[in-house]
Amino acid sequence: MINRWQRTLVAAVLASAVTTATVGCVDRSGGPESGDVPNASIHISAAASLTDVFTVIAEQFELHNPNTRLSTSFGSSSTIVDQVINGAPVTALATASEATMNDAVKAHVIAGTPQVFALNQLAIVVPAGNPANIESIADLGRTQVKLAICQPQVPCGQAARELFTRARVPLVPVTFESDVRAVLAKAASGEVDAGIVYRSDVIAGGTAVASIPIPDSINVSTRYPIAAIANSEGQLVVGKFIDFLLSPGAQLVLADHGFTPITAKSR
Amino acid sequence: MAGEHLMSAQRNERTAAKLATGARPVFVKILAAIGLLFLVAPILGILSRVHWLSLWSQLADPAVRDALILSAWTSAATTIIAVVVGVPLALLLARGHGWTAGFARAFVVLPLVLPPVVSGVALLALLGRTGLIGSRIDTWFGFTIPFTQVAVVVAQLFVALPFLVITVEGALRTKGRHLEQAARTLGASESRIMWSVTIPAVRTAIIAGAALCWARALGEFGATVTFAGSFPGVTQTLPIEVYYSLVTQPDRAIAISVLMIAICVVVLVSLRRSWSGRFLRDT
Amino acid sequence: MQRGSLFLGVNFTVAPGKPLAVLGPNGSGKSSLLHALSGLVAIRAGRIALASTTLDAPSERCFVPPAQRRTSMVFQDYRLFGWLTVRANLEFAVRTQTRTTTVDATDIAELLTRFELDQIAEQRASVLSGGQSQRLAIARALAARPEMLLLDEPFSALDRVAGSSVRAALGETISDFQGPVVLVTHDLADAQRFCDQAILLDRGRIQMAGPVDEVVKGIESAGPLERDGTPAG
C-alpha cells in the first residue's frame, strides 16, 4: 500500500517537473508585431551611472506609450555585458563605454548596430563641505588624501587612470571599488576625501556630495551606446525607446542629470 | 555450477545485510539525490571550466599571490584572536542562565544571520572615519581603520567569531559539566578546573570551531569590501580578487576559485581524519 | 538535582568503620543526597557536618565549597580525564590536595599496584575498559586523601566480570578507610556486602533506617521484590 502511494507521488512530482520544463521551453515571442505594441514589456540592462536618469526616462516613456512596461536593472558595464553573454533575459543593453559594448557585439548578442545616446565626463566628487580642501586634481596626488576610484576592469576605472595620466598626477587610491556607485557611497559617507566618478553620479549624490571641476582639456569623456539584444522579443519597443532617448525631451533629462547630450551629427 | 552458486550466495548476503539495517524508502533516496546533486554539480561545473594547462601561470600572477598571502595571514590572525576572545565568551555563556546570558547569546548569533554587507555598514558606522568611535580615533590618534589590513581582520572577526563561540559553548554545556563536578570533588580550584579540565575536555570543539571560523574568515567578502575597501596587497583578499576578475579575466577567477576549493577540501578532510575518531572516544 | 526537590526529615549519622548504604527507587533522591554531601549542591535547610567541621548550614550562613571539603566521590560514569594517562589522572588528585607541583611518586605507585593499574599506567584513560576505568576512578578518589568517601552506584555501568574485579578492590578500600563511607546502590547484595548501616529513601524521605540486614529484610518482606530493591506499589 505504502509503496504504491510513494510511487504515485514520485510519478506526480516527475510529471509536474516535466510539464514545467515544457512550459518553460515554449517560445513566447510569437505575439503580434505591429506598429502598436499592445502589452509589451522590455527589460533594459544599463550601466550603474544611468541608474537615476534611466528610471526617469523609462517612466516618461511609459507615459507616452501606455501599453508598454519598461523594467530596468543596473550594474557595472562589464558585469552586465557578461551577464547578457551568459544568457540573461534582457531586451536592451546600455553601457558606459563603447569598448564594453564592442565585447557584446563580438559575442554576437547584439541586434543591429549600437547607437550612442549620450556622453559623460569624469568629475572629482568630495564629501559635502569638502573636508580635505581639495581644489584641483593635483591635490589628489598628495599622500594624505584618501582617494577612491573604480576597479581597473571597469570603464570608469580605466577612464580615471587615463585622466591621471593626462593630468600628470600620481594615482594612489586607497581603494578600488566595484562600480561608480560604490565610489560615490564612500565619498558621500565621508570615508574617503575624494573619488573619481562621472558628472552624472555627482548629481545623483545630491546634497551629500560636492564636486571639483576638471579642466576640459584633460578630462576624459565616455560615450554611452545602447543596443537591442539579438533574438529577444520586443525589438520594436526597443527601437521606439531608442528613438525616444534621442528625442530633445529625453536629451534634456540627460543634461539635467549631468550627461552631455549627443548632437545630431554624432549619431 | 559452483560459480553460480557462489554468486547467488554473495547476493543473498548483501541483500540480507541491507535488509537487516533497513533501507530508506525510495522517495527519500530521490530527494536526497536531488539535494546532493545540487551541492556537487556546481563544483563540477567549475572544474569543467578550468584550463588545467594555464592554471599554474594564472595562480603565479603577482596579484593572485598578493591576495593569497593577504587572505592567508588575515584569516589566521582572525582565528587566533577568535580563540583568545571566543573561548572565554563561550565559557561565560555556558554557565549563564539568566536573561543577561540570553541577551548576550542573541548578539553572538546576530552576525550569523546578518547579510555580510550589513555587517560592513555596521562596522563603518562604528569604526569608519565618521563613525561613533572611529571619528574619535581619527581626532586623537590621526589614523583610521578602513582601508587598512587591520580593517580586513576586523571585518572577518565580526562575521566569523560567532562560529567558534557557538561550537564551543555547545560542547561546554554537554561534556564540560560532568568532568568539572568530578574535578571539584577532588579539590581543584576553579581556575585549575578551567585550565586543566574544562578546556581540555572541549578541545575537539575548540579545534572544530576554529576551523569553521577560519573558513568563514577566508571566504569573507561583503563586510570586507564595504568596510575595508579593496586595494591589491592591502585589502584585496582572494574572494574580492575572484569577484573583480570575473569581469575581464574569467579564467583567473576560475583558477582562484579552484584554489580556494582545494584549500578548503584539504582542511576539511584533514580535520575529519584526525578528530572524528578521537571526538567519540574521549567523551 | 532538580530544582525544588526536597528532603524532608532526613536525619542520619555515619560513623567511621560503619559504612552506610543508601537504598531506594529511581528519583528517590539518592544521588541528590550524595551531591549535597559532597557540596555540588547546597541544601536549603538543615546541617551537614563532618566530625566537628560544619560543611553546610544555611541557618548559620555556612557553606563550604566542594573543592574544600575533604570528600571524594566515585561516579557511575567514572568521569575520568580521558586525555590524561592513568598516572596523570592520579597525579591530578594528588596535586590538588597537596597544592604542590611535585608529586610524591610513592603514593602514586602504591595506588597503581593496589588497584592493579601498574601495567596500564601510561595508557590514556579514554582507552580503558569499564572495570579498569572504575578502578582508576576509585584510586583517583583515594589519591585526594579524603576524609569522607561517597560512591554513587559504582557498579551499575559494569558487566559481571568487570564488576567482580571492582568489587574486590572496593571491599579492601572500604574496610581500610578511616572516615565515613556512603554507598548509593540499588543492589541489596552489594549493600549487605559492603555496608553496616542502611537507609531506604523514597521521594526524599527516609522510610527505613537501621542495620543493613534488618533494612534489607524489611525491603524483601514488604512485598514482591523489585530489582531496584524497593517494595512494590
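Residue numbering begins at 1 within each chain, and the chains themselves are lettered A, B and C in the order written.
The working rule: contacts are C-beta pairs under 8 Å (C-beta built on N, C-alpha and C of every residue); 3 or more make two chains touch, one makes a residue touch a chain.
No experiment lies behind these values; they were computed from the predicted model shown.
*Asks:* Consider the contact graph minus chain B; what connected groups of chains does it contain?
*Replies:* Groups after removing chain B from the contact graph: A | C.
*Asks:* Compute per-chain Cα centres, compare each with the mean of all protein Cα atoms, and return the closest chain.
*Replies:* Ranked by how close its C-alpha centre lies to the overall one, first comes B.
*Asks:* What is the chain whose Cα centre is as far as it gets from that of chain C?
*Replies:* Comparing chain centres, A lies farthest from chain C.
*Asks:* Could you work out how far the Cα centre of chain B sits from that of chain C, in whole Å?
*Replies:* 43
*Asks:* So how far apart, in whole Å, are chain A and chain B when each is placed at the average of its C-alpha atoms?
*Replies:* About 36 Å separates the centre of chain A from that of chain B.
*Asks:* Averaging over Cα atoms per chain, report the distance between chain A and chain C in Å.
*Replies:* A distance of 77 Å separates the two centres.
*Asks:* Residues of chain A touching 2+ other chains?
*Replies:* none
*Asks:* Mind pulling up the chain B residues that touch chain A in the complex?
*Replies:* Residues in contact with chain A: 25-27, 30, 124, 128-130, 146-147, 225, 229-232, 235-236, 243-250.
*Asks:* Give every residue of chain A touching chain B within the complex, in rising order.
*Replies:* Answer in residue numbers: 2-3, 6-7, 9-10, 76, 78-79, 82, 146, 148, 151, 153-154, 173-178, 186, 189-191.
*Asks:* Under the definition above, what is the set of chain C residues touching chain B in their complex?
*Replies:* 38-40, 65-68, 70-73, 75, 77, 79, 81-83, 92-93, 96-97, 126-127, 140-141, 144, 150
*Asks:* Mind pulling up the chain B residues that touch chain C in the complex?
*Replies:* 178-179, 181-190, 192, 196-197, 200-201, 203, 281-283
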